[in-house]
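Next up is a structure, given as structure tokens.
For clarity, chains are labelled A, B, C, D, E and F in written order, and residue numbers in each chain start from 1.
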Amino acid sequence: MSATQQFSPVAKLEQKTVVDLILKGKRVDERGPLDYRPLTIMLGTVEKANGSAYVYLGKTKVLAGIKVETGTPFPDTPDEGILTVNSEFVPLASPTFEAGPPNENSIELARVVDRGIRESKAIDLKKLCIDPGKKVFMVFVDVYVLDHDGNLIDAAAMAALGALVSAKMRAFEVHNGELKYKDEKIPLPMLNYPVPTTSVKIDGTIVLDPCLEEEQVMSCRLTVTTDKDDKVCAMQKGGLGVFTPDEVKQIVSTSISKSRDLREKILSKVK
Amino acid sequence: MRNDPAVKLIDSKGLRVDGRRLDELRPIKMEVGILDKANGSAYIEHGKNKILAAVYGPREAHPKHIALADRAVVRCRYHMAPFSVDERKSPAPSRRELELSKVIRESLEPAIMSEYFPRATIDIFIEVLQADAGTRCAGITAASLALADAGIPMRELVAACAAGKIEGKVILDLSDIEDKKGEADLPVALLPKSNVISLIQMDGSLSDEEFRQALDLSTDACRKIYEMQREALKLKYHIVRDGTEDKEEMAEVKA
Amino acid sequence: MSATQQFSPVAKLEQKTVVDLILKGKRVDERGPLDYRPLTIMLGTVEKANGSAYVYLGKTKVLAGIKVETGTPFPDTPDEGILTVNSEFVPLASPTFEAGPPNENSIELARVVDRGIRESKAIDLKKLCIDPGKKVFMVFVDVYVLDHDGNLIDAAAMAALGALVSAKMRAFEVHNGELKYKDEKIPLPMLNYPVPTTSVKIDGTIVLDPCLEEEQVMSCRLTVTTDKDDKVCAMQKGGLGVFTPDEVKQIVSTSISKSRDLREKILSKVK
Amino acid sequence: MRNDPAVKLIDSKGLRVDGRRLDELRPIKMEVGILDKANGSAYIEHGKNKILAAVYGPREAHPKHIALADRAVVRCRYHMAPFSVDERKSPAPSRRELELSKVIRESLEPAIMSEYFPRATIDIFIEVLQADAGTRCAGITAASLALADAGIPMRELVAACAAGKIEGKVILDLSDIEDKKGEADLPVALLPKSNVISLIQMDGSLSDEEFRQALDLSTDACRKIYEMQREALKLKYHIVRDGTEDKEEMAEVKA
Amino acid sequence: MSATQQFSPVAKLEQKTVVDLILKGKRVDERGPLDYRPLTIMLGTVEKANGSAYVYLGKTKVLAGIKVETGTPFPDTPDEGILTVNSEFVPLASPTFEAGPPNENSIELARVVDRGIRESKAIDLKKLCIDPGKKVFMVFVDVYVLDHDGNLIDAAAMAALGALVSAKMRAFEVHNGELKYKDEKIPLPMLNYPVPTTSVKIDGTIVLDPCLEEEQVMSCRLTVTTDKDDKVCAMQKGGLGVFTPDEVKQIVSTSISKSRDLREKILSKVK
Amino acid sequence: MRNDPAVKLIDSKGLRVDGRRLDELRPIKMEVGILDKANGSAYIEHGKNKILAAVYGPREAHPKHIALADRAVVRCRYHMAPFSVDERKSPAPSRRELELSKVIRESLEPAIMSEYFPRATIDIFIEVLQADAGTRCAGITAASLALADAGIPMRELVAACAAGKIEGKVILDLSDIEDKKGEADLPVALLPKSNVISLIQMDGSLSDEEFRQALDLSTDACRKIYEMQREALKLKYHIVRDGTEDKEEMAEVKA
């Protein structure tokens, strides 16, 4: 069952400081309302993975790793590879994270990241079929949250994208349904590059890329994932507050333009 | 979401597979107070969706450590019966059900005056008996009625409906085949009197302009559904205890 | 581990009322000791299921749904289809039900319903074999308790029977172990119609079909499932009390005759 | 339960596969007090069934919220060792084991004076080391001895045995092959002095008349098993601490 | 997560008694520091198992059972049978054992027993291959702790060894990957006989084969498993204390010689 | 552990596959204090192992019933990322991870002054981001640094390293291929100043004499790693807050 969350108590004074700044068009870390925190991406840090990306978004740190393995296709898509996105909120990352199976926040994050990749048709899954109905490649995207300073969804989705675009799998041939590996390595068949941006509403004001202190006072958040053609491919509202329709429309327009910069930044990392 | 050219979702007259216009809702039926043990309950048929919602509470939080000092904890479970879908679903909650339980809870909480019941829980249970696209929206609509039926003070009712896109056209209230073969799905929950959105999700592909159209279509539909909710509540109170139909009004006035 | 159950406290006065009535040969809802509550059965309410039945037994409500799928047979019965009965005490139905995996009461109910169907050989499982040892039809009976006002076992078993007798599956042919569906629909191969009746002992008196208030003061219960030939095919005692051998014999005789009426009522619903 | 014509379960002399008459029990061996750490324990061999039972308590309820104000909570776990059956059984409790834990608990509770120990638990553990049909009955017989060995005040001992039907004949105490190939199984637990039944289950097919025969057969057998239980308890107390054999008598007198 | 264990409180006086005796070179049960408790092994008590052994080590009682079944080999050892060791601390055995999935102590015990068997190459797993990559025999060793009076690891490993050396499986032939059973029974293909001995350190003194009272006051324990050729094949330190390197070396030498006697005792039981 | 004659692990010059001498450590890199939210943290690269350790606490025990009256409860989780090994690992903890969590906790507890914090917990989390043989040892080395970084009073640091045997020779610090193809692995954790062993495990095959050699080799290596740990701590405190580098010294003096 999903239950109203118990937030760790934040001193009222501290909350007030964050809100007061927002109302003045400022933020705790001196950004403007629509500024992103500094973004750093390191690709390929985990050599044993097919692909990996370490994302620093301010003090938030997320590591994504890709594994490509073979498996059985789903009955309703016999000629397509399988994409699986999983997320671990490892207890390293926050005093509020607990060891154990993924909770609803971790599952929501994984499903939003998954939706962006799946709905933008980022991976050409048909190219990952080996023997229709019998054997396909499975692409596992594992997102590891290592330091939680807010806006985990964006950091996770960008780490996942970075890991996917830089991933290598062994080249292969298929003869009569028989898989044969070749010596060289090839990239994954990528067709699109979905990037989310998350906005939050604090005392009536919308700001982008919330840090943890801002998430603790936010009314609600809206994540909008857009693709290389400026199409919206996934959205997710969270939190106990509400948006007006106009606020939602405004956030979508802002997200489309903001995502362009972020996408460029990630793709520029891949040779 | 996949665009399958073999299936024709809009015919030459601009009508959909089930004969609806692009901006037309499926038939909707609501019934309030149909369970005996729950504090509040409602049943909805929205297209072929058949969904029961029940509310227990406000009741003492159990286990105690989940209680909050300044408000009720709202808990929500969205669950599908094993026989509700084409292929039997395991009764264990899937990741999808866990996510939907969360977003449905977050869509209802803004309307609930949980601050009246510190240390209590308000439990919302949604059981999908038959699923046909749009279960989360129909579930929210029904749960909102069940909350009112339980006498939980609410700022206003919550109504929900999806819009989407098929064959390049923005449409209202996707059916199962439109959801599977179409190009986008945008479920929205609205607090109609305040005109604010408490749930919005999207998957598929929409341009900025298409998104705006779809959003307008779904919020308009939410307002229509809201009128049906009011009718359903009146009907129940006329029948069950004549003269108490202003109960929901009262809750709204309080808000 | 199975543990003595904590009953929700029932006011002593209320308990006394129920017991006093029983001792006078009356009941809280004005029935006689061996009267069943009004029974209503609606068949086919869930069109996506192969079969379904909604049972109202007084204020108790149970929905059963049937799904027919293909799967692998058990090694010890390679030429037989598989019957699986599952029960969900969904928390809609009672303030005492909790979300989560089935507890012992739910498992006991499912197993008693299963036993009645299995031991009376209600379904001709041999007719559900497709390819011996490899592929058979699996019949899933899912019982959903929606409103708990007592005597769930009887309501569940009658819903299961109603769903089974009204279920349709796609007609099929098997050629060399290959399954081919035909256009028309056929009923399940039903051979028998098991019906249980449950009696409880309250302060030494035996009454049939207990409502919830009666279950809360009962000493013990005995469910007797009988088939179309008046044979007993399953029994289950529950509760912390005891029966004399004579009481048990009397209950069995009563159950045999009572089940006849109920069976007729259910079967009359099927065209 | 299946009637397999290829297997002959009763020979021309009216004897069964293992040479027993229709109303004859399998060989039974009981031993009391064989574990060191448990408060009470017993071991039974009933045919090829080999079963250990142990009792801990009365002890403080843990976690506390399970405690009852007016009596002890009785808890029971029936569990099969992975190597106890033909095909290895997963050690995780099956649905069958969960059901049997419940009905076994309900068969023993009527005999336990749990009202003497409010807020405590009495824990009964039954481990089937080898299974050969009739484990629930043999488990109840052994658990009853373990309770007595633990010094738990009891109204009387509980004894259990099944009757059933093979090849059209009502018989006593089914063996594994008779259970698998036969036509009915009727496990019964009896409080012999009061002549009341605390467990009864059935599966298979019995007419009203056959049922009555089978019930009489099984209750008679329970009385025989009860005598063996008394012997086993006496033996233990003779050996271990001579002169205290009237302990069980005392418990009965209290009842 | 692994957490510091809460020990059931032992009276200080009782603890002092145990320690005082140790310091005088004596023990609560009158043994010398390097004496084992009386060891009794009964083989074949569970006829339905392929092999079984009941070990009494003082008042500690452990039953091990072997089941041999067929299954699919691991991908990295396609031509080898599979060994699985599982341990159940059934709640019969101790007031501190709880029903439920194995806790870390039970898992540690199973893995130490497994390591001894596996690393000494006790079973010739290649001989348990039926069809490489497809079908092999699986040997399940299930350890059942029935009475816990200390030193469970040694008792469990000896029960497992006793059960393995006395186990019988059906003789078989393989023709073109097809398994055919023969009438006679054969022993498992055993190549080695690993035996562990466990020492504990109590107030600076090392003693062998701790009883429960000694475990409750120990600083730490060291289990050393040696094989028929006096080679060390597995070790495991447990507990919150520390050993000096010299203590460890001394324990290893002692274990090698002590295990010889125990091994002989177990093997002498098999005809 | 398997001796595979096809693979040559030591060449004619007595060097190993990665060019190391028999008694040579792999390259090791340590960094302290790299996470923001944890009370203490450290990162280690030991060969191709990449491991993060973090410490939270001392903090209030939750749930409360796990607290101890006279000391802190130390909790430890060793966990591998799904992508850390050749074949994707399920994120659910394996039996191996549960065992390692226990022995790692037991290797660190002797160094922690848990008696200073009754009723509290000290939580140690080790995440293996990439695994290459010797993860438990590298994890202990890193966790020890994270504890110091969190300001937990310690008797001294704990350093860990394995020795083993390949092709009949005793060697130090096995790499992945040496672990898989070699003949023995002996992980050891040392409190270097007291020269006492807090973790020792072994699998494979070693004679008494070989064992003694391997033990000496690993304890010597632990002392080298200990020096690196001290350097890493100094570096962190030089950089982060100049002048406070004697913090670790203090902790040791206390011990």
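Quick notes on this structure:
The rule is simple: a contact is a pair of C-beta atoms (placed from the backbone, for glycine too) under 8 Å apart; a residue touches a chain by one contact, two chains touch by 3 or more.
None of the values given here were measured: they were computed from a predicted structure.
Touch-path distance (fewest steps) from chain A to chain B is 1. Steps from chain A to chain C, minimised over paths through touching chains, total 2.
Looking at the partners of chain D and chain F together, the chains they share are E.
For chain D, the chain with the farthest CA centroid is A. Taking each chain's centre as the mean of its C-alpha atoms, the one that lies farthest from the centre of chain F is C.
Computed from the mean C-alpha positions, the centre of chain B lies at a distance of 52 Å from the centre of chain D. Chain C and chain D have Cα centroids lying 27 Å from one another.
Remark: chain B and chain C have CA centroids separated by 32 Å (rounded to whole angstrom).
Residues of chain E found to touch two or more other chains are 1, 99. Looking at chain D, one finds that residues 77, 123 touch two or more other chains. If touching chains are joined by edges, the resulting network of the protein chains shown is one closed cycle, each chain touching exactly two neighbours.
Going from chain A to chain F and on round the loop of contacts, you meet the chains as A, F, E, D, C, B. Residue ranges of chain B in contact with chain A, taken from their complex: 1, 66, 68, 71-77, 95-96, 98-99, 101-106, 109-110, 114, 121, 123, 186, 191, 194-208, 211-212, 215-216, 219. Residue ranges of chain C in contact with chain D, taken from their complex: 1-4, 6, 104, 107-108, 110-111, 115, 118-120, 220, 222, 227, 230-245, 248-249, 252-253, 256.
Interface residues of chain E facing chain D in the complex, by the touch rule stated above, are 45-49, 52, 59, 61, 63, 65-67, 69, 86, 88, 90-95, 99, 101, 140, 142, 144, 146-149.
The touching residues of chain D, when paired with chain E in their complex, are 35-38, 41, 48, 50, 52, 54, 56, 59, 77, 79, 81-88, 91-92, 123, 125, 127, 129-132.
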